[in-house]
Structures are given as structure tokens and as C-alpha cells.
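In order of appearance the chains are A, B, C and D, and numbering begins at 1 in each one.
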Amino acid sequence: MCTSLGYKDASGKVYFGRTLELTVDLPYQVTYFPPGYETISEVDGKASLTYAARFGVLAVAMPCRVPTPEAPIGLADLKVLEGLNDQGLTFSLLSYPTAAGAQKSADITQSVLSASDLGSWALGQFASVAEVKAALEKQPIELQPLALLGGVVSPFHYVVHDATGASLVIEFDHGVMTVYDNPVGVMTNGPKFSWHLTNLDNYTFLTNVDQSSATFGSYQARQPDSGIATAGLPASNTSVGRFVRAVFYAQFAEKAATPDLAVKTLAHVMNNFDRPRGVSIDYPTQGGGHMEVEGLQEKADAPYATEFTCWTSLSDLDRKIFFVRDYRSLNFTAIDLKALADVKAPLVLPLQKLEGIASDATAMLMAPPKAA
Amino acid sequence: MCTSLGYKDASGKVYFGRTLELTVDLPYQVTYFPPGYETISEVDGKASLTYAARFGVLAVAMPCRVPTPEAPIGLADLKVLEGLNDQGLTFSLLSYPTAAGAQKSADITQSVLSASDLGSWALGQFASVAEVKAALEKQPIELQPLALLGGVVSPFHYVVHDATGASLVIEFDHGVMTVYDNPVGVMTNGPKFSWHLTNLDNYTFLTNVDQSSATFGSYQARQPDSGIATAGLPASNTSVGRFVRAVFYAQFAEKAATPDLAVKTLAHVMNNFDRPRGVSIDYPTQGGGHMEVEGLQEKADAPYATEFTCWTSLSDLDRKIFFVRDYRSLNFTAIDLKALADVKAPLVLPLQKLEGIASDATAMLMAPPKAA
Amino acid sequence: MCTSLGYKDASGKVYFGRTLELTVDLPYQVTYFPPGYETISEVDGKASLTYAARFGVLAVAMPCRVPTPEAPIGLADLKVLEGLNDQGLTFSLLSYPTAAGAQKSADITQSVLSASDLGSWALGQFASVAEVKAALEKQPIELQPLALLGGVVSPFHYVVHDATGASLVIEFDHGVMTVYDNPVGVMTNGPKFSWHLTNLDNYTFLTNVDQSSATFGSYQARQPDSGIATAGLPASNTSVGRFVRAVFYAQFAEKAATPDLAVKTLAHVMNNFDRPRGVSIDYPTQGGGHMEVEGLQEKADAPYATEFTCWTSLSDLDRKIFFVRDYRSLNFTAIDLKALADVKAPLVLPLQKLEGIASDATAMLMAPPKAA
Amino acid sequence: MCTSLGYKDASGKVYFGRTLELTVDLPYQVTYFPPGYETISEVDGKASLTYAARFGVLAVAMPCRVPTPEAPIGLADLKVLEGLNDQGLTFSLLSYPTAAGAQKSADITQSVLSASDLGSWALGQFASVAEVKAALEKQPIELQPLALLGGVVSPFHYVVHDATGASLVIEFDHGVMTVYDNPVGVMTNGPKFSWHLTNLDNYTFLTNVDQSSATFGSYQARQPDSGIATAGLPASNTSVGRFVRAVFYAQFAEKAATPDLAVKTLAHVMNNFDRPRGVSIDYPTQGGGHMEVEGLQEKADAPYATEFTCWTSLSDLDRKIFFVRDYRSLNFTAIDLKALADVKAPLVLPLQKLEGIASDATAMLMAPPKAA
């Protein structure tokens, strides 16, 4: 469904990559919310919470409801799935089907934050994981039914990364919220984050060092290729398999010498989590609902559902550059958050406008640059 | 070391992707050899073979020797590693360390083709796999020591694909050449191609259909994510693991509805074979030579060697477009072979000139297109 | 460390097998405690608990302390590791290193059962899992430091099976006791039982049906052997791997037509969990303590520790026959609990006296029975 | 289908274990052929070969044809599947479905050995692998259609082990015989032996040393059990998976200090290759023929076929003791070849007469030996 991971370069600068997988295309919007932008978060029957952004926020967002002629989608309907603020804080929403359950009700006098607004709340107001963590201790949060998902209660969990490399997981499980410091900087989907950490204990043998020769009896075995170190990784593209592989890649991908190379290295890493349509498919008889966010039903006439990487993003937390590649793009497109510093109004651009096509070098081949 | 695979779209058009992995960067050259371009292939002690190209050939090539002030690299020194001709035929050279051995000597009266020239020979003269195969029956070929590899005898095998989807493997093993029809359209490295095919018999259980529920005793197991179908794939990045995964991806990636989407789908597939530096490393004590082409030694002061995907290419055999992304590029760059139809002279452009950087959409975000 | 599983024959009769793995040989005792046998369970600072057995209990037991000349081991020092009572109830203790932690203190007026006496308490008094479960709701239990383990707090969890096929897990984790109905009838060691159940969700693809042919491209793959269905099992001999394999074997081993064949089938199943010395070894630098019950230290001069199957037992819950094979035995030896019905005094026999040697058929071969 | 392996104890003495798996029970016979016993091996249209045994041979044999009232099974009809001679040489026949093919025809003047008689020929006449190997260079051998298998051409390959630890593979593949020195002392079934050896190159990372701790990010992973070293083994019960596991077990099982313990250690090893009925099953639609020896068809009314370990044998090559356990036996039974030294006539005993039941220790428990 989703894979996210943090990566550091040789000088300790932080980069963050993620994929988002669903079985359908959604009307994702690239948005920019400037400092001062105000949000009103509302939970039925609770005092609403209003906050103004202190920081500029670049995000991939999604409308929280179906537009109608009378009520087209407005800015307030756009909820952050993935974002980066001008302090180098990132926020990511990832599928987590077992979030819903009996929630502890907030004190009646308190304003309550809807979990759908966690992204704008965290990115708009905080510069570090430590600040987010401190604020979470005081701010009641509630999950709500989501109109766009046919009333399913917000089936997500959330991760926050900052420019120091700190990482936080915010997870509702059967209604109970737990905030975890994330020692590995990786998140995928279910089961519970603590289950995944325990599962790493089953992979203590992992190393990136190839052991390419061995003697069995009097046979001298010799692996003729490099890469045998990866033989013990789980191959499965399920949440559990991807978690372990993401930990491995984040750990062992070479620390790049420059920010540019770091972004490219992170792209190479994330490419390994790029899921093409058709590589795994689900028939309804297997109970489709298990597969992803309920409410996002496939068209009734599709013979099967197949999860694919709708988009992959890379965030440079130091230089505040955001890269995104959607499934119908060959290539990444960049957006520079620093260049938006003087923008005063919110900006919205459909993700599909970023075509990410390959630049054509035919002309350059015909007339190569002199120094070549 | 290398992964190659063919993919078909919904209308049966053919696309071909490959990666090349080594532990060092080499001075790869993007080249175009027009129809009429003449090659003289020479093998010590044998009659040389001269042939003129009938077809235009776009290729990634490498010099076969170290340049000196007196003898800089010339066109004749560039040998094809990967190429596409204007008939939609592709040729790929992939590492195969056990190629060398006692070779059957050609009849003294015959002109002999050096294996290093197989690429220009096949792409320059033939339009289909069938033609290549027929020509191979008559043309003696010999492996030679390669100066650039310190005199190592050409440690490669070769694959040819055409626009009908046919695929051919040309493999020297301990000096004995075998030509195989390739029923799966996939190639990686050692062991012998026939070993890999037999190995597929160990994966008859593979399917892309998720089986996401089961009952164990009275426990109802339910996989909460999609993708469990991939649990049985080999995870290893060695030649053997990549072969099986490539067969699986080539088989099950959804047949794209359009050529554009087909190229993007193939890119998503090839992304899964993108190897970042550091993910597996080899220490000299494990006997570096096992790892790759001998002769390409790491600098003596490097503590370890690590294979990485030096470049990935995508070929559209119908539209004759070639895409390539090198390790220091975020993105693919395109070259359109059709647009070179009128070019009369050979063209050469260092691969590193194709930067493949991300287009910047910041301005577009600030001033979105109207229709948005 | 330990693998346990329940198996049913074609008529629904229940059999139970288990292995016990440690890195040392201990002075195991085969014991019989007749109905009426009285136990006093003592926990420091708590009211002691006295109970008389209602049922005859056959068990493999271990002294809870080191004998001294003044205080040789007595009956009261023998604690049940594995047992079967004359009602067809079994009890098993298995290693679980994270049992200890802050425990809920019992009401001061209540008698407390030491966890070390769970075996004699359960087997002596109850005929079914339901009875044990009901009794556990009322009976406070506490873990205690164990003298024989150098004062380590009882690092075990416990399973109970009955002749209906019901199965119960009693698990202290960091001091907190949880009683689980066991829907799969399997137990090994850590992590928590609920973690193992969740882990089964990663194996929904498992089936015993071989899928022995497939088509990849135009290659007809054909698995030449039976058994490909087992390719997706975890191979690891760790607790996590053994749990999944045990679930698989318990589920799919053919339901035997007769009790005799059922015992043999269960033996074949348990053979797959028979761990020879040396197959995995642990060096002290890896922190030996992880490996097993702390306190059972290897002799200081052993270069490594290696877990092996100290003994394997099979219980026929219907016929009340117990079979046991220790590491130094080739074969199982049987003890018939029904034949002990008239025994009035406790019985003790060192396990090592049961040699389990092969019967010699040389004479039979020399003079075959007539009907042959 | 079959797993065989050699094992050495601490003083270098050799032991050999094997299993035989089919989907049906056959009328196996335990036989003894004394020195002097004469065999006439016949191949249609060739000169027959007559040889007298120099050594006593203990074997598990099978009739080569269906008995009729007129022609009951005689000694000459019994063909050796597994045997041990009084020199400590063993011979084993294992399933190998692709043996048949165009065979090189022997010189018309030469006597030809039928492959069905390889066991009696090798065990009766030779004391070492070296002697067998030398004799094979001169003796033409041919595969023949087997009446009992419905005329299928002998679908087997063969291994010979001796008391020095030497091991030989005799393999017909598509009619071409190859004799291999076996550097690992392991054999299972297809594909070709040389394929299996190459496959070991994919397991160079295997070791028996647990690596039970690792650091991922700032998470300290710690495997709580021993045995993680086995995580990289293939789990599959197919020929390919069993070959690798058998190599691993033969390599790493602790070298036992005494012959008795060595036999028990080997038994523990072989237990890991004990396949219960039902654990993998084959439906006819998958093309049953793939599964095993053709001609051994399941009864038409069986819904599926399931391979099981029909019997397991252990040979002590130094002490010349043979142990065997069939599927309907709980335990091994021993036969001492040394005790047969004075036997002058052939002996035959149906394998099913060796019941291998557990000795009953109930009485011993009631009246323990004094020293206990």
C-alpha cells in the first residue's frame, strides 16, 4: 500500500522517500499553503480547532469528499497525504485498515483535531519531530468517518520526519492512539508498528556483505555474481516484506557525497518499491476489502483489482525540494519549496499535470556539446 | 550484473529493457552508426571480416582499449553493449564470466567475426531474430582477449530481440558456442542459460493471484495487504534470483493499452532491478574476481566493491525510441532513432552528458494551466 | 527451544507431540503421581496452596534445585515439564524468556500457586481445557526465581491440550498473564502468542496441494518432483519458523485411520522438528543469553553452544499412552498410563534409563516367520 | 522421492542414511545374498553377464515383475534398491525420471549388465568406490524397460559410498551415462547431478553459526531463539530443496564421539527428511506422471497422490550394521551383517515384518533399576 523511509547522506543530511499504492487513480492535487493559512478542524459534536500555519507547506493532497455542482471542492476540502514544510519537516499518511475502534473521548471543554487534519496541523505549526511529539501530548485527536471512503473511519497511520533524522509514528489501532519514536525510520502498513519492530528480530542475519564462497564437503562453492547478501530478504510485496526490505535498503544504501547524488540514490532505493500494475492481483472472491482502504472500490466490471504505485515522492529536507513521479510518468518532476517563499496565496495543481516525460536528447546527439 | 527482459503491450507490440551493473563507471558512449557504415572485424591469425551496415544503429558503446596520446579512441574502437536498429532489432551484451575456453577453430579459408563486433554485425545487417539466427549458422565467431580488460577473454554472452517478440541467446560457455531460442525473453548472467530454464521448474507455484485468506485449525488467517503472490519469488539480487524475478515481472506486468503507457510500465518493471550502491558489497578476501568482469578492478584503495546499476535502457521496438538513465541521473532521457534517418555520419555523445534531471514544476505550480 | 502441536486422526481422536530443545542435558525424570498425591505450592510471602491429585499423572519432570548431600532431591522438588493425566489432559512447559516482569500481586488472603507447580496443579485436578480455564480465573499464580536457573524468574509459558482437541496457552509476558484459547494447537517459544497468530496472516498462500506446472512465456515449466507445495514454508529453526511449519504439518498430515497409525504419523511429523547437535551453533560473543533459558549456562570451556532436541514425546490422549525418545536414543519407548491405574505410590525413573535402542531382527531374517 | 547422505563421526568413520519416497507401498524385501551367490544379468539382444558374489550383501530389494500363479517371485527377480556389503560398501537406487533416452549400443561381443542389476553387481564384487569406478569403465550397462513399471525404462540413478567416505554417482540422463565423483556425498533426484552442484553456488552464505543480533538504524534487533543460521535454507521438499538441506545437515551435524552416537546423530539428521503422508499432495490434473516413477499409478479411486517416506535406512559402514524404519513403524530395527557371516544360503524377509514398535517401559517405571 505504502512504503516510506528516511535516508542520510555522508554529511548527515536527511532525505525522505515514499510510495503510495492503491488500486485506483485518485484526483491528487499538488498544493502549497503559505504561512498564515488558516485551518478549521471539525469533529462532530466536539469543539472545533482553528490554527494558522506558521510555515509554508508543500503537499500532495486529496479531496475529502465527492464534489457536487453546488459544492465544488474547495481548499478546505484538501487533506494532506504527503507534505514537506519550509523547516524540513515531512508528514505522511499511510494506509492502516485497523485504525478504527472505540476511541477515548476527549474532555468536553477541549478542542479536538480531526485525524484528517493531522498533516496541515503538524506541517503548518512545527519544525521538528520533538515539537510535534510535545504537541501531541496535549492535543486530543479523533478519527472520523470519511465521506470519500463511503463513511469508513479514517483507516490510516502517520509518520513525521525532520531534518535531524528523527522520526515519529502516530498510530491508532482499534481506536487506541500510540505515538512511537521510530528507530528505523521506515513505515509501511499493518500490522502494528511494534509488531514490525519485533519482526526485525527474525532478520538479525542480514548484512550487505556478500559471502560468495563456501566449502561443502569437498565442493568449492563460488557464487559467480555479486548480491548474494540479499538472498535472505523477504521477497513479498506485502507490508511486512516491504518493511524489512526498506529497513535494509535505508541502512545499507551508500551514503552519498553530495545532496544531488543523495536524491538520486534515494530514487534508486525507492525504485525497488515501485509496483507495476498486474504483478499481483486480487479477485473479489478473496474478499477484496482486505486489500486496501475500504470505500475505494474498483469499478464493478473490473475482473480483478491490482495495487500499483500511484506516485512516489522524494523530499530533500535540507534543501526543501520535493520530487514526485506518478504512475503515468516516466520521470520525476521537482518543486522547490524555497522558491515559493514569497507566495502569499494557496496554490493548487493537479498531480496529473506533472507529466514527467523524458527530455529528448536526439538533437544533442546530432550536435554534441563541444567538450564531449 | 545485468538484467534484460522483453515486454509486450496489449496490442502485441514489443519493448525491451535492460540494466547493466558493474562496480566501476566506464566511459560509455551513445553512438549512431548510419546505414553504409563499414566495420572491419579482426581476429588474430584469421582472415578479417568486413561488412557494411544496411540499417541505422543507435547504441551504447564502450571503447575496447585504453586511449593513448598517440592513439586516441576512434570510431572503430567503440564496441556495442546495447543497441537498437531502425528495424526494431535489439542487441545486448551481458556479463558471463565463464565464456572463455578452447574454441573450435574456424576453417582457415573463412573470415572470422570477433565476438566484440557481434553487436554491430547483428544490428547493422539484420532485421529479425530469424535472420540473425540463420546468419550465425554460417559465420564463424571467435572470442578474443580484450585489452581494456587486461587481456581477459571476452567474458560475455549476448541476446537479440526483435519486433515480433522473438528472442535469441548467443552463449559461449568454456569456449563452446550455443544459440538458444529464448522462450521467456529474459537474460541475466551465469550459469548457463539452460541451467536458468531448468531452474524455472522450481517455481511452478508462482502466480500473480493473491491468495489472501486461509484457515489454519480454527484460525482465520487474512493477509491485510495485497501482494502476497510475490512471497515465493527469490529475493536475491544474484543472476539466478534476478532471472526468476524478471520472468515473473515480464509475464505478469499488465499489458499496457498504449505505447506511451507501455514504456512507462516497462520503466516501472525495470525499476525493480535498479541496484543502488552499497546494498551489497564485496570484500577482496572473498575473491573479487567472482564478482564481475575480470579486468575491471576497483581502485586499490577502495575498501570494498559494490555493484550498481550503471545504466538502464528501454527500447520501443515499434516506434524505434531508446530511453536511457545512468546512475547519476534521476530520470530517463529519450533518443528517437526515426529522427536520425537522414543522418549520414556516425554520431558519438558521452552517456554522462545525458543528465536526466527532473524538470522543475515550481513555476507551473505558481501559474497553473487554465484547465486545471 | 520447543515445538508442540496437536494432531487428530480420522475419527477425531487427539494426539499431542512436543520436542524440548536446550544446549545441555538435564537430569530429566519420568514420574508417575497417583490420585491422592498431595502438592504444597509455595510462593515467598504468600499463603501456600495445597491440593491433592484427583487423577493419575505421568510426566517428564525436572528437579527445581541442585541437590546437596544434606538435601537430596525429593519428590516435592520434581516439577512437571510435560505430562499426561488419566483423563487425557496434557500439560507442557516451553521456554519463554520474556515471562518475567512486574506481576499483579494477589489479594493477601488468597493462596497463591507458584507457576512451577502449574503442571501438577492442572494435570492433578482437571480433565479438560475448559476446567483448567475456569480454574485459572479464580486461582492467582505467580512466577518465582528458580534456584536451578541461578535465580532467573521462571522463563516459561505453558500449553494444555485435552481429548476434545481444545488447547489453551498460559503466557506471562513481562509479568502479565494472558490465557489464550489456541485455535491452531501449536506452540513454540517467543515472541508473544498473539504475535505468532498475526504472523500466520503472512502465510495465507500456504496449501499442501502441489502446483507442479506453469507456463512462463512459451516455456513449459514442470516440477519433476512432488513437494513444491512446501516451498513457501519458512526454513528457519527459530521459534517463529517452527511455529508456522508446525501449523502446516498439524493441518495437512493425513488423518490416520487407526490410533496406531496416528501415533506413527505424529512421530513422522515430530521428526521434522528433530534438531541434531551442531546444525546451528551460538558463540558467546553473540550474547549466549539470547539463546535459551538463562541460568542454563554451557560449561565454560565449550567453544560454542548448540541447541538439540533433548527429547521428543508423543501422547495418545485417548488411549493414555505416552512415548518418549531422548537425544541419545534411536527410538521411542512407550509407557502405558492405563496400566498404572492400581499404583498407589509415586514412581520415578531417570529418563536416560529408557534407552530406546533398535530391536535386532538379524535372527528373524535368518529364520523368517512362516507366513512370509 | 529419495534423499541420501553420508556422515562421518569424530574419528572419520562413515555412516550412510537414505529415505525412499513414493506414493504407494511396495512389497519390499529384506534380503541377504551370501558370497558365492550367482547372478545372471540379461539385456534383450545382448550377451548375458554372469557374476558370482565375492561379498555378503544385505539389501532392501523389490521384485522386478508382477508374480503369477505359474511364476511366483524368485530370488532372481529381486533387485537391490539399497544395500550394504560386508566390506562396508553401500549402493542406493534413487528415482530419476529422465534417465531414458537413446543409449550408446555396446560392442556386440561384450556382455552387458542390465542397470537393474547394478546393485548386486557392485555390492557383490567390490569393496570400494575406486573399484566400482574402475569396473564401470570396462563394463557396458544398459537401461531396460521394467515390467513392474508398465514397461517404463529404468527411471533411476545410483549412488555408491564406501568406508573411506568416497562416493560415486552413476547417472543416465536421456540415455547418456555419466559417472561423477560426489564431493558432497549427497543425492536426491532430478535434475542432473551437475545441476545440483551448480545450485550449491547459490548457497555460499550458508553457515551453522547463528548471527543473532544486529542493529538497524537505532533498533537493536535480537533473535530470541537459536537457529537463525538455518533461515537461508530452502524449505521445499522437492529434490532441489532436499539436496541443499542434506548437504547442510551432512556438513554441520556434530561429529559424534562414538559409533553408537553417530548412528543416533544420523537418525536425527534423517528424521528431518521424513515426509508424512498428506503434507504435499498431487491431483491428477497436474499431470501425476511428473511426480514419480511412472508405472506406479495410484489406485484409480484415490482423489490425490501423496509421497511419503516409505522407509528410511541407516548404514554403519564400519560395523556393518543396517537399520531400517518403514512408514508403518515407529522405530528403527537393526540387522547385523557381521552376524550373517556364516550364512550360506540367500535369506528373504518382507520389510513389513520388521514392526519397529516401541519397547514398553511401563514395567521398568513400576520397578526401576536399583542404581537409578
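In this text, a contact is a pair of C-beta atoms (placed from the backbone, for glycine too) under 8 Å apart; a residue touches a chain by one contact, two chains touch by 3 or more.
Remember, it's a predicted structure, so these values are computed and weren't measured experimentally.
Among the remaining chains, D is positioned farthest from subunit A, on the basis of C-alpha centroids. Compared on C-beta pairs in contact, B-C and A-B come out with A-B as the pair having more. With centres set at the average Cα position, the gap from subunit B to subunit C is 55 Å. Averaged C-alpha coordinates put the centre of subunit A at 44 Å from the centre of subunit C. Computed centre separation for the pair subunit A/subunit B is 32 angstrom, with centres defined by C-alpha atoms. In subunit C, the positions touching at least two other chains are 191, 201-202, 210-213, 222-224, 228-229, 231-232, 236, 238, 240, 248. Those residues of subunit A whose C-beta lies close enough to touch subunit D in the complex are 183-186, 197, 200-207, 210-214, 216-219, 221-224, 228-229, 231-232, 247-248, 250-251.
The touching residues of subunit B, counted against subunit A in their complex, run 1, 21, 23, 30, 32, 97-98, 189-191, 208-213, 222-241, 245, 248-249, 252-255, 261, 263-265, 267-269, 271-272, 274-283, 286-287, 290-292, 304-309, 323, 327-336, 339-340, 343, 347-350, 353-354, 356, 358-362, 364-366, 368-369, 372.
Here subunit A touches subunit C in the complex through residues 191, 195, 198-199, 201-202, 236, 238, 240, going by the rule given at the top.
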